[in-house]
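Multiple structures follow.
Each of the next two complexes has chain A plus one other chain: chain B in the first, chain C in the second.
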Partner chain A sequence: MLAQQIVNGITIGSIYALIALGLTMVYGVLKILHIAHAGVYAMGAYLGLWAYCMVPNLFVAMIVAMTLSGVAGTLIERLLYKSMLDKSRIVPLIASIGLFIAMEEAFRLIAGPYVRAFPAHFRQKPWIFGPVRISAPQMLVFGVTLALLALLWWVLTRTRMGKALRAVSMDREMAEALGVATDRIISLSFFISSALAGAAGVLVGIFYNSVYPTMGDIPAYKALAIIVLGGLGSIPGTIFGAFLVGISETFLIGFVNIPLPRDALAFIVMIAVLMFRPYGLFGKE
Partner chain B sequence: MKKWLSGSLAGLLVICFSAGTLFAATIKIGFFAPLTGFAAADGASAKNAVMLAVEKINKTGGLNGNKVELVVYDDRVNPKESVAIANKLIERDNVVAVVSGSYSTPTRVTAPIFNKSGIPMVAAYAVDPSITKAGPYIFRTGFLGQIEGKAAGEVAVNLLQAKKLAMFTIDNDFGRALSKGFHARVKKFGGKVVYEHAFAIGTKDFSAMLTKVKELSPDLLFISGYYEEAALAVKQAGELGLRCKILGEEGFDSPKFLELAGESAEGVIITTNLNRDDPRPLVQDFLKAYKAKYKMAPDMVGASSYDAFMVVAGAIRTAGPDSKAIRDAIAATRDFEGLTGSIARFNKLGEAMKPIQVQIVKKGAFHYFAHISDPEIITPPDK
Partner chain C sequence: MEHLLEIDAISKHFGGLKALENVSFTMDRGEILGLIGPNGAGKTTLFNLITGRYPVTSGTIRYNGKDLSGMGPSQVAAMGIGRTFQIVRPFAGLTVITNVMIALGVSHYAGFWNSVSRYRTPASLKAARKILARVGIAGYAQQKSENLPLGLKKHLEIARALALRPSLILLDEPAGGLRKEEMDRLIGLVREINGEGTSVLVIEHNMPVVMQLCKRIVVLDHGTKIAEGPPEAIRNNRQVVEAYLGRTGDA
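Up next, the complex of A and B:
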């Protein structure tokens, strides 16, 4: 029971991590809250579904969804946020919320209001270790998340691009003064974060066998709680926060029959952390 | 210009469809449902089914030679929206009667408005008890949540002989009403609820709750919720290897439930109001016509909305286009044959009494399992 609940919690935490990472990266470079990120996540799910219906191969679907979501993210930055950066921070935030709502309605108009099933079937039997069962979709979620996190770590620490991205995130003006092409780096961070969101969309679509227009609603605010909890802009903090929220949700529901809605828990954890660490778990002043 | 164009286009279409029938006048009937937002799928089902009914009536000469026009609004399951819609329907559109194809929250707030203006409203599948209490102009063709919960309890303890029970309850008025009825019936026959967990609309992950239920190993798990949540709970139960029987309610009643839950849906039993194996041609023709037109199987939301509309249409046929006369005609309805069963009459409160259908999923489709017509369970309260 305990072991099974940990497995359940890690699965959810993995998904939260992929969604929240992009949000924290965007906050890192631009200092804006990118609510439409959740729209990109839903778009990733639709793109993956569409690609899978064309070519029934999960790998292809994942690559298509990630690439196109990445391009969409870059376009959002270029066409929407770029002209607003010198305005008050509330301006891009409101534009972002507006875009998110517009995206949801666009999905509904294009794909219809009904929940779409993701027709990926797994012949793989679940792994059973004593009382613990790990189903094939769970294995897929673990595998893809782990691979993407490793890839992200490699890009950020071992490539020039990644180092430049971290430099921009630490101090944009200083990085620019030292010759970093900040414009390109900002676009790059939107591409990476949107691609991660797209991957999360596909994984959620497969794992829960459902893709629908408003699937971004809950991630839109839960990812926010997670990145605040982890420390705005901190990548390790976000990953830690995502797993912390995933596992605490599972435990609180599985062991203590709390009367609160599950989605409030992320915020309770966030408030509890902020009381002792006002800049989040890994955040700096 | 645009309005004029679409208006004349619609007019043209109607003329084509009616094949030369000339209508004396137009009767406007109001309709609201959630066409956008999280409940948009239910709104679409409700609207599609009612449009089918409107088409059928207009094709066969309308109501006493008058054309029926449905005035459709989107309430987004938002009571603020539906209050505005109610006022618009009354003041601007001058509708003679209204059908609610929506949830309890938006329907409940409109009931007193329609009642005060003397416009009859029939609620199709909203379950909140306060709706019909608004006054004599408000009717309901669907079940009350509590009655359906009682019927589910009956299925669990008497039909399936399950005594040790677990429950997942959706955290809104619908789920709470079902839970109340279920508890009452189960307690009466010695069943014991060993676990109950309330979950929010839109919950996707049930693994923590299911793991707990697996450990308790009850005879039966009763889940309330709409098909999105229901399908995920059932699917995850299958993946976790949960063995107990699963019982659901009308929220499961959608072809989408079967599609999303996949193989795990096999053997799930639900209480609902639409019997797919009903031999009456009325039902079979509807199932066929809906599928032909919308390329998907209809659900109980659609069937219920169709019935609610037909009750109004029937009343207009006998009483003419006067709201007061329509109300009296609805109240005097006798033995109305609907898709969701026959309604003998409406009680003093405006509640319909009809048998509850129990369906089972077999080979990826809903089929007849039993029906409950015990008056002790299905009689709605009349005050």
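Up next, the complex of A and C:
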């Protein structure tokens, strides 16, 4: 039972990590809270579903959803945020919330207000290790998130782009003076983070077998809670926060009978962290 | 022969504030030119205009005969103009050598495949080590940059600027906050770099440093150029003395 709960918690946590990482990267380079990120996530789920209905191949669906979500994210940065960066930080925040609501309404108009099933079928039998059962969709979630997290880690720590991204997050003016083409680096970081969100959308759609217009609501604020918990802009902090929240939620449902909805937990933890470490678990003072 | 840098009648207004008004001067290849003036004279603003941080309100800046208007900071850097800032700001958390390697990537950030290629190649490590050795901090390559003492941080700033393979570097108060020995080392370094063919435009408040480094000085006050010439002439220029010390009674 305990081991099973941990496995379930890690599954949820890795999905949270995919969503929250993009948010933290965007916060890192532009210092804005990109609420519409959750809209990109829901869009990714719809795109994956659409692609899967055209070509019933999960790999193709994933690639299509990630590429188009990435393009959508880059367009959001270019068309919406770019003109607002010299304004007060509340301006891009409100624009972002507005865009998020508009996206949800667009999904409702285009795809209908109802929950759509994700018709992915798995022939693969669940893996059973003693008391632990790992279903095929769970394996998919693990496989894809681990691969994407490893790829992201490689890009961020080993490539020129990763170093440049870190430089831009730390000191944009200095990075520019050293020849880093910041515009391009920012667009690229939006592309990567939106592609990750799109992948998360597809995975959630498959895992819960449902895709619906407002599926981004809860991830929108939970990802926010996670990045605050981990320390805004900190990538290890975000991954840690995502797994912490994922696992504690599963435990809360599995063992403790607390009369609170599970989604409240992330916020209780966030409030507790803000009281004692306002800069987050991995953030700097 | 055309000049390395031509500042031609530039003005910069921020709303109603005239930060710079009709300033012109030129700089030749191989020169160390001093830029001095009281606080608020517009010296750092001028640096920000040259490096493309702000657009000019009017006038043109030409570098190697090419008009720089419309270029952003990263494009200007890629053309070979390096700069340091008044307050040293290494990328904290990164090692000294990584700090230099970020600036070494200048030709690589353009394309997608280039920017996702590995940054730590034998060639880039070698180039970065060479630059660190050049400024005398090779022994600190693996240290976290924020742990260097101020004097060496300034050397690191110069190392990063050199990583752009610049033909011109702009130094904003390089000697500020340094002790005498640190200052002497820095002056020596700037001279050596200049001797190797890099021109230097330097803002400096410390007059002995300016007098030692520069053969020619431009003086700004309230956004206008009030004097230009060799150090001795500047020292005895009445307008310059008044700008610094205030007007004495016309007796």
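Keep this in mind: the second predicted complex is superposed on the first by the 284 of 285 C-alpha atoms of A that agree within 3 Å, B and C clash if a C-alpha of one lies under 4 Å from a C-alpha of the other, contacts with A are read in each partner's own complex, and residues count from 1 in each chain.
Assume a contact is a pair of C-beta atoms (placed from the backbone, for glycine too) under 8 Å apart; a residue touches a chain by one contact, two chains touch by 3 or more.
Since we're looking at a predicted model, the values are computed, not measured.
In the overlay built on the shared chain, the residue A:Ser248 is in contact with neither chain B nor chain C. Touched residues of chain A, counted separately for chain B and chain C, are more numerous for B.
Of the two partner chains, chain C is the only one touched by A:Met161; chain B is not. Contacts of A:Thr67 after superposition: neither chain B nor chain C is touched.
Contacts of A:Gln4 after superposition on the shared chain: chain B is touched, whereas chain C is not. Of the two partner chains, chain C is the only one touched by A:Thr182; chain B is not.
In the superposed pair of complexes, A:Asp171 makes contact with chain C only, with no contact to chain B.
No residue of chain A lies in contact with both chain B in one complex and chain C in the other. Chain B contributes residues 35-38, 40-41, 43-44, 171, 195, 197-200, 202-205, 207-209, 211-212, 215, 227-228, 231-232, 235, 239-241, 256, 259-262, 296 to its touches with chain A in the complex.
Contact residues on chain C toward chain A in their complex (touch as defined above): 51, 53, 72-74, 77-78, 82-83, 85, 89, 91-94, 98, 101-103, 105-106, 108-110, 112, 114-120, 160-161, 163-164. Across the interface of their complex, chain B is touched by residues 1, 4-5, 8-9, 11-12, 105, 108, 112-115, 117, 126, 133, 135, 137-138, 204, 208-210, 212-214, 217-218, 249-251, 253-255, 257, 259, 261-263 of chain A.
Residues 155, 158-164, 166-167, 170-171, 173-185, 188 of chain A are the ones that touch chain C when the two sit in their complex.
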